[in-house]
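Please read the structure below before turning to the comments.
Here the chain labels run A, B, C, D, E and F in written order, and each chain numbers its own residues starting at 1.
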Amino acid sequence: MTGLLQVDPGVVAEGVNLVWVFVATTLVFFMHAGFGMLESGQVRSKNVANQLTKNVLTWGVGVIAYFVVGVAVSAVVASLTSGSAITAPFGHLSAGSTAWASILFGAAFSMVAASIVSGAVAERAQLGGYLVFTVLVGALIYPVATGLTWGGGFLGQLGYIDFAGATVVHMVGGVCGLVAAYVVGPRVDKFDDDGTANVIPGHSLPYAVLGTLILAFGWYGFNIGTAINVFQVTDAGALALADYAYAGRVAINTALVMGAGSIGAALVGLVRQGKVDTLMTANGLLAGLVSVCSIAAVASWAATLVVGFIAGVQVVLVFDVLERVGIDDVCAVFPVHGSAGALSALAVPFVNTNAAFSFGQLGIQIVGIVVLAAWAAVITLVAYGLLEALGWARVDREEELEGLDASEHGIETYPEFGDRGIAGTGGSRQPSDGPAVTDGGDD
Amino acid sequence: MAADIQMIVAFIRPGKLSEVKKGLAEVGAPSLTVTNVRGRGSQPVKKGQWRGEEYVVDLHEKVKLETVVADVPADDVVDAISEAAHTGDPGDGKIFVVDVDDAVQIRTGKRGPDAV
Amino acid sequence: MTGLLQVDPGVVAEGVNLVWVFVATTLVFFMHAGFGMLESGQVRSKNVANQLTKNVLTWGVGVIAYFVVGVAVSAVVASLTSGSAITAPFGHLSAGSTAWASILFGAAFSMVAASIVSGAVAERAQLGGYLVFTVLVGALIYPVATGLTWGGGFLGQLGYIDFAGATVVHMVGGVCGLVAAYVVGPRVDKFDDDGTANVIPGHSLPYAVLGTLILAFGWYGFNIGTAINVFQVTDAGALALADYAYAGRVAINTALVMGAGSIGAALVGLVRQGKVDTLMTANGLLAGLVSVCSIAAVASWAATLVVGFIAGVQVVLVFDVLERVGIDDVCAVFPVHGSAGALSALAVPFVNTNAAFSFGQLGIQIVGIVVLAAWAAVITLVAYGLLEALGWARVDREEELEGLDASEHGIETYPEFGDRGIAGTGGSRQPSDGPAVTDGGDD
Amino acid sequence: MTGLLQVDPGVVAEGVNLVWVFVATTLVFFMHAGFGMLESGQVRSKNVANQLTKNVLTWGVGVIAYFVVGVAVSAVVASLTSGSAITAPFGHLSAGSTAWASILFGAAFSMVAASIVSGAVAERAQLGGYLVFTVLVGALIYPVATGLTWGGGFLGQLGYIDFAGATVVHMVGGVCGLVAAYVVGPRVDKFDDDGTANVIPGHSLPYAVLGTLILAFGWYGFNIGTAINVFQVTDAGALALADYAYAGRVAINTALVMGAGSIGAALVGLVRQGKVDTLMTANGLLAGLVSVCSIAAVASWAATLVVGFIAGVQVVLVFDVLERVGIDDVCAVFPVHGSAGALSALAVPFVNTNAAFSFGQLGIQIVGIVVLAAWAAVITLVAYGLLEALGWARVDREEELEGLDASEHGIETYPEFGDRGIAGTGGSRQPSDGPAVTDGGDD
Amino acid sequence: MAADIQMIVAFIRPGKLSEVKKGLAEVGAPSLTVTNVRGRGSQPVKKGQWRGEEYVVDLHEKVKLETVVADVPADDVVDAISEAAHTGDPGDGKIFVVDVDDAVQIRTGKRGPDAV
Amino acid sequence: MAADIQMIVAFIRPGKLSEVKKGLAEVGAPSLTVTNVRGRGSQPVKKGQWRGEEYVVDLHEKVKLETVVADVPADDVVDAISEAAHTGDPGDGKIFVVDVDDAVQIRTGKRGPDAV
C-alpha cells in the first residue's frame, strides 16, 4: 500500500523539467545543421567545404569555450554589473548532472550566436581567424551579453525584457557578423570600383531552404524551450505549472510569425520585381522568427503577425542599405538576425499584453539594445581588427578567387561536379612529401 | 585523304534538341554528339535574381551538336537542323560546316568515309 | 515539510501533456521540410525553386488561415452536422496558452494536408492560384473534414474511426491533389497525342529519399502524437494514463509499417522489372505510413504488416491507373496519400483488436471515406475550376517549357549548375527599371 | 475535493518514462536519415541510388527481423549464457503497449548497428546479399550482443560496462562492416596491382556533413535516451529520479565530445597536410560520439574531452592501416565505429568517477571487447563468406564499373546531372517486354 | 563556298572569361559559345584531397571558347583573346584557328559570311 | 600559314579516358582537352527508370577529346587513341582529324606549330 507524501512535487518537477530541457536542447543543437545548410546554399560551390568546416568546428571549439570559460564569465559579469559578490565562478565545472543539463541548454544558445557570424564573412574569411573569433564568442562575447541580462546583471536589474534572445542571441550574433564583414572587407568581386554592388548567387537554393526549415524546426526548441520549467513547487509546497503557464502562447506565436515573416518578404519581392523570390521569402521566415523571440511570451497573436510581417519586409530594405554602404554580408545575417532582433526588443512595450505601454519600458528597451549592440560591435571591431593586423582575418586575393575549398582545404566539394567520368575517379594516393605524379606525362 | 567528310557544328536551343534528333534521323544522319554550352549572340540578355536582386546574364543555355557525315550531303543535314531548330526568334542559333581530313571508327578500325 | 494533496493530478496531467503536445507538434511541423525535399527531388531542376517557394509559403499562408478561420469553421461544421448549438466559433482566438498549444497541433496537421497538394500539381501550377487554394485548405477544406469527424460532427456521431488521419488528413489531401492535377491538366510533355505517358524523371533521388526519411521521422509525432494525452484525471480524481495506455502499440505499428510498405513496393519493382526501384521503395514506405494512420491504435503488429504491405504494392498499381486515365500526378500523391488513406480506414473493422468484425462498422467506414473524398473532390473541382477560369491555375505553355523558376521567379535553383566558372559569378546588380546591361556588348 | 493517494507514483513514472522513450526512439530513428546522407555523400554519383535503397530497406527488413526474431534471440542468449531458464522467448510479440515502446527503442538501436555495415561495403555489394545480411544483423548478430551484455548474459554477469553501446552497437557494427568489406574485397579501382591505394572521392561533401549533423542530433536520443527511465518508484513506494539522476552528465559529455573528436581529427589533417580536412573533421566528430558511449554516464567532462580527442585522432591513423592491409572500407566505418567503440569500452576503468581504477575491471572490459568483436567477426566471415559462395555478395566487375545505380536499379540518381536540356526530359514510357524505341532512329 | 569564315577555338582559364568577353565585344566579335572543359598541358598537376588523403589531378578546369567570324579578321579576335586571357603563368591556354566551309543562321536562313 | 597543325577530335567511352591519356603521353602528345558529351551512334539505346517506369535514352555518356598536334604525326595520335579506347563493342566511338590554320600560345605569344 502506498503511504502519504510519496510523490514529492520537487521530484516531479525536476524529472519532467529535465525531459523538457533535453528535448529543447537537442532541437536547438540541430539548428546547427540548419545554419550549415543555409550558409552552404548561399555560397558558391568553390567555398562550400570551407563553410561546412567552419560550421562543424564552430560547435567543436565553441561549445568547449562556452562550457569551460563562458559560463564563468557570464556569472562574473552579472555580479560585477549588479553589484553582488562574485562567488565561485568556476563552480559550474563541478555542478553535477542536473545543473549541467541547464548549462548545456545555454551552450546550445551560445552556439546559435556564434554560427550567425560565419554566414556574414563567408567566402573570404580564414578558417583559423574565424575559429579564434568563435572561441571569443563562446568564452566572452555571448557570456557578457547573458551576464548583463538573463544572468541578473545591469540590464536585467533595469528591467530589460528579451524573452528568448532576440537581442541577446540574434542581434549580438548579427552585429558581430556585420562588423566582422566590415573589417574583413567585401569579396573581391562584390563591388565595382564605383561602388556598384554585383550580385553573386550562391550555389544551391534547396540547401538554403532546407537549412531554413531545419532552423524553423529547431526554433520551437529555442522559443518554447525558453519556457524551460514545466513545473515549479510553490512556496506552499504544491506542484504548479511554471513557465508552462504561457508556453502555449509562445508556441502559437512562433508558428504564426513564420508565416507573417515569409509573407512580408515575399510581398516585397512581388511589389518590386513582380516576382516572389524564394531565398528572400525564406530569409523573411527566419527574420519573422527572430522578431518574435523577445515578445513570444507576452504578445497577442495579432500583434505577433504585425511584428513578423515588418521583420519580413525590413530584411530586404536593410540588406539594400548594407550594399549601398559597401558591406558584404553574404548570407544577409544582419537583416535576418541583427535588425530583426532589435525590432523584436523594441516591440516589447507596444505588444506586451501583461503591461500597458510605458515610455519607461521603451527607454529601457532602447538602452538594452544599444548596450548589447555596442558591446558586440566594439569587441568585434577590436578582435577582428587584431586578427586583420595579424593577417589571420582573410585569405589572399588569389586564394579567394580560386576558392577557399582549394586554397584552405585542398578539397573539391563535389569532386565529380559537372565532370562525371572526367575527374570523378580520383587518382593515386599521393605521399604528402613526394613529388606529384600523374597517370600520363606532362610536357 | 577524304575531302568529302564534313563536320556540321550547330548551336541550338536546348528545347529543340529532340526535334533536331528526329530530323537528322530522317535524312539518314542519326549519329551525333551533343554538349551543353552557353552562348552569346543576338538574343537579348536575360535577368537572373538572387535574394530579390536582379542581375543580367548574357550567356544563354544552348546545346552544341556535332554530326560528321560522309555519304549524306552536308546540305541535307544543315537543312534538317535549320528546319527543326527554327522558331524565328533571336537565339535560334547557327550552323557551321567544317571539312574533316580523316575519320576513324575505333571499334572496327575503319578509316575515311566508311568510318563515319 | 510538505503537506498533503500538494501534487494535484490535474497539474501533473496538464504539464506533462503539454510537453508531449509540443514535442509532437514540432515533429509534425518538420514534416514540412520532408515534403519540401521529397517534392523538390521529384521535379526537374527548372522547377525546384518554385516547388520550394510553394512549400515555404504553404506554411506561411496556410497556418494563419487555419488558425484565424479554420478552427472556427471546424467547430461550426461539427455543430451543424451533429445538431448541437454553435457557441462562440471564434472563441479560440482568445482561448489562452494551453488551449493554443492543442490548436497548434491541429494546425500542423492541417498543413500536412495542404502540403500534399503541391506535389500533385508541380511543374505547371501558378504560385498565386496555388496559394489561394492553400488558404482554402487551411480555412475550409481540412476544417470541414475535421468538423465532420474528430470535431464531433456527423461522421463522428456515426462512429467513423480514423485514428490519426489516414482519411481526414491524407486522403483528403490526396484527393485534393488528384482533382487539382486533373483540372490543371498534365504537363506539356507528359502525354503524347495518343495518350502514351512519357516518363519525366525528377532531378535528385537523394532529396526525394531524404524527404521521405524526414517525413518518417515526423510521422512518429503525427501518429504517436495523436495519442496526445499522456495523463488524465479519472472521475475519482486519480491520475491515470490517458491515450498513453495504447501509445506503445501506435509506436511499434508505425515503425513496422514502414518496413512493410517499402518491402511491398520494392517487390513490385523486382517482379515487374527485375530491379528494385529506389523512389518506388521510398514511396512505398510513405504509403505504408499512411495506411497505418487509421489503425495504429488498434491493430496487431501482424495485421499492420499486412496492411502496410498492401499499401506499398498498391502505390505502383494505382499510379499506373492514373497514367492510363491521363492524370499527371507528379509526385504520386494520390497513390501515396489518397488510396493508401482510404485503404487504412477500410481496414479498421478487419484489424480492430478491440472489436469483432462487423458489417455495420465496415459500412460506416465506407460512408466516411465516401463523404470525405466527395467533399474534397467537389470543393477542389469548384475551387480549382474557378482558378482555371480566372487564369490563375496554370502557367503559360512557354513559361512551363522554360521552367517555373525562370518564368515565375526569375531564378535559377543552382546558379552554377553544370557551369562552374561560366555563369556562376553572377553579374552587376540590375536596377529593376533600367535597361539590362551586360559585361560586353551584344550585336 | 481531491482525496489522498490520487497521484500514484507508478503512474507518473510510467507516463513520463514513456514520453521520454518516444522522444529518444524518434531521435535514434532519425539517425537513419543521417546514415543515408553520410554514406550517399561518400560514394560516387553512379552508386548513390543503390546506397539510398540499401538505407531505406535496411530499416524495412531489419526492424521486422529484430522485432519478430531478434528480441527472442537476445532473451535466449541471455538465459543460456547466464544459466537461467528460458521463458517464453516470443512473449514479447504480445507484450502489450508499454512493453512495445521499450522494444522499439531497442529496435532503433539494432538498426544503427545494421546501418553501419552498408557504408563499409558500398559501391560493390549486391543489394540482395546485403539485405540478407541485414536480416541477420537484426535477427541474430545484434541480439546476441545485447543478450550477452545488457540482457543479463555472460558479459553482463561479469560486470562488463558499456553504457550506451560503444561496443554492443557501434563496435559490433564496425567489425561486421570491416569483415564484410574484407570478404567482399576492394572496389575494382581502389588498389593498384602493387597495393598502392587510390583515392576515390565521394560525390558530395554537403551530404556527408549534413548526415554527420543529423547523426549528432539523433545521438542525443541515443545517449541521453539510454538513461531511459526518468522516474522510478523506490522500494518505499516513493517517486524518485531513476536514470535521470545522471542524465545531465550524459548530455554534457555527449555535447562536449563532439568538439573534442572534431578538433582531434582536424588537427591531424593540419599537422599532416597543413590543411584542415572537412570530411575527416566530420568523421572525427562521429568517432568522438562513439567514444563517449560507454563512459558518458560516469566520466568527468575533462576525461571525456581526452577520450574524444584520442578518438578523433585515431580515425585517421586506423584508416591508414586499413588501406595498407588492403581493406576498402569506403565510409571509414571501422575507424569511426569499430576502433572508437573499443576505445570507449577500454576507457571505462580509467575515467569512471564512480569507482577507482582496477585491473579487474580493465580485464573485464578487454574480455567483453574481445568476445563481442570475435562474435561479430566470425559470424560475418561465415555469413558473408556464404553469400560470396552463392554469388550474392558482390556485383560483376562490369556492373561495378558502370555503377550500381545502372546495373542494379536501372536508375540515374541525378537524371539531369550535368545535362540539363539533354537527357533531362526522360522519354516515352517503355513497355517492359517490348523492344526499346527511341525518338529518332539509330543506324 | 565561303573560304573567309573562320572559327577561333580557345582554351582559357575560367576566371578570364569575363575579360575575354569584353575584349571580343570591343573588336566587334561579341558572338561566342563557351563550354566547361578540363585540360592538360604544361600546367603542373594539382592535388586533391579526400578524407585527408591526397591525390593528383592533371586535368585542370578550363573554359573552351568558340567564336566564328567572317568580317572581323581572325587575327583581331586572336589578339583580343590573347591579351585578355594572358597571365604569364603556365595554364593560360591556347588558341586555334580553323577554316569554316559554310555557315547558316537558323532564324533567318542566311548563309555564308552574312550568317555569322 | 601552318598547314601542318591538326586537331584530332575523338568521342570515346568515359571509362577509357585514363588509358587514352596514358597512350597520348606515350606518343608524345600529352596536351589535350576533354569535355563531357552525350552521343548517339550505333550503340543500342539504354533504359532509364523513374518510380519503376522505364524509358529509353538514346544519348550515351561519352567523353570528347581534343588534341592539337604539330610535330607529332596525327596518325600516331589517332593510333594511340584507337588502341587505348578499343573494346570491340558498339559505342567505342570515332576519331576525326581537322586541319588547323593557326595556333597561338597565350602565355608566350608564340604562333604556329611552336605554339602547340
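A few points about this structure:
The working rule: a contact is a pair of C-beta atoms (placed from the backbone, for glycine too) under 8 Å apart; a residue touches a chain by one contact, two chains touch by 3 or more.
Bear in mind the structure is a predicted one, so any value in this text is a computation, not a measurement.
Between subunit C and subunit F, the least number of touching-chain steps is 1. The chains in contact with subunit C and with subunit E alike are A, B, D, F. The pair with more inter-chain C-beta contacts, choosing from A-B and B-C, is B-C. Interface note: subunit A and subunit D, two copies of one sequence, contact each other through mostly non-matching residue numbers (shared numbers fall below half of all numbers used).
Subunit A and subunit E have Cα centroids separated by 45 Å.
Separating the centre of subunit C from that of subunit D, both taken as means of CA atoms, is a distance of 31 Å. If you average the Cα atoms of subunit B and of subunit E, the two centres end up 17 Å apart. Residues of subunit B in contact with two or more other chains: 15, 21, 30-31, 34-36, 38, 40-42, 48-50, 53-55, 58-59, 98-99.
Touching two or more other chains at once are residues 4-5, 7-8, 12, 16, 19, 23, 197-202, 204, 272-273, 275, 277, 409-412, 415, 418-420, 422, 425-430, 432, 439-440, 442-443 of subunit C. By the touch criterion given at the top, residues 15, 36, 38, 40-50, 53-59 of subunit F touch subunit D in their complex.
If you check the complex, the residues on subunit C that touch subunit B are 401, 406, 409-412, 415, 418-419, 422-423, 426-430, 432, 436-440, 442-443.
Touching subunit F in their complex are the following residues of subunit E: 6, 9-12, 35-42, 58-59, 62, 64, 74, 78, 81-82, 85-99. Considering their complex, residues 4-5, 7-9, 12, 16, 19-20, 23, 27, 44-46, 189, 192, 196-206, 209-210, 212-214, 216-217, 220-221, 224, 230-231, 236-241, 244-249, 251-252, 255-256, 258-260, 262-263, 266, 272-273, 275-278, 281-282, 285, 301, 305, 323, 417-418 of subunit D touch subunit A.
Residues 197-202, 268-269, 272-273, 275, 277, 279-280, 283, 316, 319, 332 of subunit A are the ones that touch subunit B when the two sit in their complex.
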